[in-house]
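Given below, in the form of structure tokens, are the structures.
After this come two complexes, each holding chain A, first together with chain B and then together with chain C.
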Partner chain A sequence: MDLSLLQHLAAGNTWGAIRPELALGCLALGLLVLDLLFPKRAGGLVACVSLAGQLAVLADVLCHFHSVWLNQDTFNGLLHPSLAGQAMRVFLLLSSILVVLLARVTLAKHPAPRIEFYHIVLVVTAALMLLVQSNHFVMLFLALETVTVGFYILVSYFRTSTASLEAGLKYLILGALSSALLLFGIAILYGVAGNPFLPGHSADAMRYAELAQFLTLNPHNFLASVGIVLVLAGVAFKVGAFPFQIWIPDVYQGAPTPVTAFLAVASKGAGFAVLLGLVLRAFPSYGWLVTPVITAMAVATILFGNLAALTQHNVKRLIGLSGVSHAGFLLLGVAAAPYAPLAVGAIYFYLLAYLIASFTVFGVMAHLAGPEDSDQELEHYAGLAKDHPFLGAVLAIGLGSLAGIPPLAGFMGKFFVFVAAYQAGMHGALVVAIAGVVVSIYYYFGWIKAAYFEAWKAPAAGSVPVPTPVGKLFGLVLGVLALGSIVLGFYPGPLGHWLQW
Partner chain B sequence: MGQFLFSVFACLTVVCAAGVVVCKNVVNAAMCLLLSLLGVAALFVRLDAFLLAFLLLLVYAGAVVALFLFIIMLLDTRGQQAPQARRGLTVAPRIAAAALVVAGLASLFVKGRLATPAVGTVPALGASLKLHAYLLFTTYLLPVEIISFLLLIAMLGVIVLSKREGEHSGYGN
Partner chain C sequence: MVPETLNAYIGLSAALFALGFLGVLVRRNTLVIFMCLELMLVASTLALVAFSRYNGTMEGNVFVFFILTVAAAEVAVGLAIIVALFRRTQTIRVDRLDTLKR
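What follows is the complex of A and B.
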């Protein structure tokens, strides 16, 4: 064995570059040890430990935002840390912290095990953080599979509820199908790029850079096009873009509320980071194929999401389908990304605004949910603003931001994405998107109307679950989130500047 | 001799693959799948791809088909009539499958033999187990570590989802 070669290769494994992910993995293992050592008291302790640990990791990422590994390949080119990757790390950590906070509220109402939930959330977050930095298809697929397996468990976590089990089964089957599509696409790309008869063939075409080089030299290869479309389809499944959105309503309704939030925000956000990486770094020379496919998907997704959400009465289904329309707006940004320099920053800003607004709404939903988590109807919100003015106000701000009402952050996010789409010359798609925004205002305001103006409709006490009283910590978090929506709307400056890459 | 062995294993693979589709009895279909995989593994051995051949045998023939058989035996479908699918549903896949076979054969006849690259133009890569193992513990160390976490949460998930009510230690409250 050649020792010097071994040393050289081992030097490629720059473990310091993934310190936050390693810390999350160790924290997850630590939770299991905690359960082993203190089986009686671990239930309450574990959420606090997980929360404190994640806050420490978040502080670490923020302190070392411009880390030394930025823009150079680590782990022999498997990962590519970048400023966008750092921003996504912060985004994913914020969402996992908020998911843990939501879980404390929701799990208190259900006889389900605790430690495993927090453990899986931590592992999934670490995998998502690796996923958004991946620079290699092996890395992409494995990180994605770890995330998906984690979500199979989390979605069916309340296994005494039939809705949760049904959601888990649907997610399992459709998730496996989408993984198969993705894997098939990767295999085709690897196979065609390894063909020694084609110019620029490579023995390691799993690497984005080598694949991009091969694709530049073979600009209209049929097999490569099939592979690219299959890979895009696999990722589109995960973000819930049309025509791969069929699993969304049932899974979002059946999954426990914190898991729905995790799926809606973290999983979708990471999906878009992956999509951006693929479009900009792996397939840049196939714009003739990628741009029309993603634009068509964006238009169809916006139309489907908004029209299907109009008729929903269950708030979890409503937020799921409205999430589909948000995926459409984000896809518009992805389609514009190769042509408009503003688009990448706009997508990250949109994602942040979406995170803040979504968790505001999910926070209210977690408090209003009864013992059956999937049964959260619009009628349960009747008279909310009168009985619980704080929850009502926070809900209105969150929904307003999701709808894109001017002074709030959601409006600025949509505005930036639309400007980017305009710069890229996608005028037709822009008209559809603006029509979609108008439609979305209808159903978001239907929800606000239920909370504010339908006090007379409030059913007799006992027929509707009583909201859990809002704890001090959670009240503070909800207040900060609502304030964040307002402040970012009025003054997006620092972040908008920050995201100019 | 080589040509003869190739023909034998290729026939075994194709005939057994057809058997998987045609067999009415699910146990027989699963056994056909096993034989078909054996044929493919033998073809890989003939190509000097020993690792691939053994992985196919261990993972697919050994684990996946065994799992299929296990589930079939568990469900015990003997003596039950397979539910009649709607006519249109069975016709469409038949036409699609036939079209695929015809297209494959046609492409073979139109394009003729596959072009054979000159010796030396194809880099001899990755056939040996040693090289694979070496890569797994150097270049691809991080993915291997990720898989360990994947297996850990999968195991935890099975325990959480299948444990009987009231046995959980961490219920809280």
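What follows is the complex of A and C.
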């Protein structure tokens, strides 16, 4: 046995580069130990320890933002740390911290066990962080599957609720279907790019850089095109792009509210980071195929998401379908990315604005939800602003930012993406996107209207769940998030500058 | 391996994959759907092994072990969800599961 090869491989394992992920994994295991040591009062303790640990990891990532491993392959090419990857790490940690905060509110209303929820959230976050840095299809598939299997459990977490279990089953079937599509695409790409009879064939065909090299030398290979389309379909499913969005309303409605938020923000954000990596680093020479496919998907996604959201009365379905339209806007940015240098920064800015606005809205939803988590109707919001002015104000800011009302962050995000699309010459798609924004304002304002102007519609006391009182910590977080939407909208400058790479 | 043999393997793999895909779309029993999903994973595995042998690289073979592990985890979680759902609703037919609004 050739030991020197193994030694060479082991030398490529720079464990320091994945320190945050390792820390999250250890923290997740630590939570289980904590539950064993203090079974009586572990419920509150575990959430606090999980929060503290994640804040420490976040501080570590921020302090070492320009880490020594930037832009060089680690783990023999499995991972590729980059500034974009660092930004996504911060994004994912922020969203998992907010999910834990939401979970404290939602889990208090249910008899479900606590510890496992926090454990799985940490494992999924670590896997997401590896996913956004992956540079190799084996890594991509394994990280994606860790995330997906974790989400199967999280979506069906309220196992006494039929809605939650049914959502879990639907996510399971369609998630596994999309993983199979992705896997078959990877297998085809691996087979074609390693074929010894084709020019530029590679011994390590699953690595992005070598695959890109092969594709440049074989610009119109039929089998490679099939593989690329299958891989894109698999990822499009995870971000909920048309025609792979069918799971979104049901799963978003049935899943516990913190999990809906996690799916809507972290899973979708990571999906777009992966998509950008694939389009820019793995398939750059197949623009003739990738660009039209993604543009068509973006247009169809914007149209479908906005039109389907118009008729919804359940707020979880509404936010799911409006999330589909947000995925469409982001896809527009991805399609523009190879041609407009602004697009990458615009997508990350959009994702950050989307995170802030979404968690503001989800925070309000978590407080208004009753014991049956899937039953959250627009009517429940009637008179919210009168009875709970703080929640009403925060909700209006969050929804306004999601709709893209000018002074708020969501508007700047859309604006940057549209400018990038314009630079890339996608004028037709841009017209559809702007029409989509107009439609989206209608249903977001329907929600705000319910909270502000329909107090007379408020059903008799007792027929709707009473909102949970907002805790001090959560009130502070909601206030900061709402403020974040306003500040980022007025002054996106430093962040926009920071996101240029 | 000669190209004709590779074609046969890939043809079989594609046929199995298509069969699994159609099964997921058409069948109504959750357990059968689940088997069809596994069939799709196995079809990809077969393609990977055939390509790996033909190309003379080991990566495809190694990937197969990871896929088997993932499939096992997926089945464990999936069957748990199906059992929990059956206990509540006494059915595992997808057309009878309509608690969530369409």
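Everything below uses one rule, namely that the second predicted complex is superposed on the first by the 496 of 501 C-alpha atoms of A that agree within 3 Å, B and C clash if a C-alpha of one lies under 4 Å from a C-alpha of the other, contacts with A are read in each partner's own complex, and residues count from 1 in each chain.
Criterion: a residue touches a chain if its C-beta (ideal position, glycine included) is under 8 Å from a C-beta of that chain, and two chains touch if they have at least 3 such contacts.
On a predicted model such as this, the values are computed, not experimentally measured, just so you know.
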item	value
Touching partner for A:G479 - first (chain B), second (chain C), both, neither	neither
Which of chain B and chain C A:G446 touches, first, second, both or neither	neither
Touched partner set for A:E116, first chain B, second chain C, both or neither	first
First (chain B), second (chain C), both or neither touched by A:I188	second
Which superposed partner A:P465 touches (first chain B, second chain C, both, neither)	neither
First, second, both or neither for A:P196, with chain B first and chain C second	both
First (chain B), second (chain C), both or neither touched by A:P284	neither
First, second, both or neither for A:I153, with chain B first and chain C second	both
Chain B versus chain C as contact partner of A:L107, first or second or both or neither	first
Doubly contacted residues of chain A, that is, touched by chain B and again by chain C	138, 142, 145, 149, 152-153, 156, 159-160, 196, 203
Residue ranges of chain C touching chain A (in the complex, touch as defined)	10, 13, 17, 20-21, 24, 30, 33-34, 37, 40-41, 43-44, 47-48, 50-52, 54-57, 59-60, 62-63, 66-67, 70, 73-74, 77-78, 81-82, 84-85, 88-89, 94, 97, 99-102
Chain B to chain A touching residues, read off their complex	115, 117, 121-123, 125, 138-143, 146-147, 149-150, 152-154, 156-157, 159-161, 163, 165, 168-173
In the complex with chain B, residue positions of chain A that touch it	6, 9-10, 12-13, 18, 25, 28, 35, 39, 42-44, 46, 75-76, 78-79, 107-108, 111-116, 119-120, 123-124, 126-127, 130, 138-139, 142-143, 145-146, 149-150, 152-153, 156-157, 159-160, 196-197, 203
Touching residues (chain side chain A, partner chain C) in the complex	138, 141-142, 145, 149, 152-153, 156, 159-160, 162-163, 165-170, 172-173, 176-177, 179-180, 183-184, 186-188, 190-191, 194-196, 201, 203-206, 249-250, 253-254, 314, 317, 374
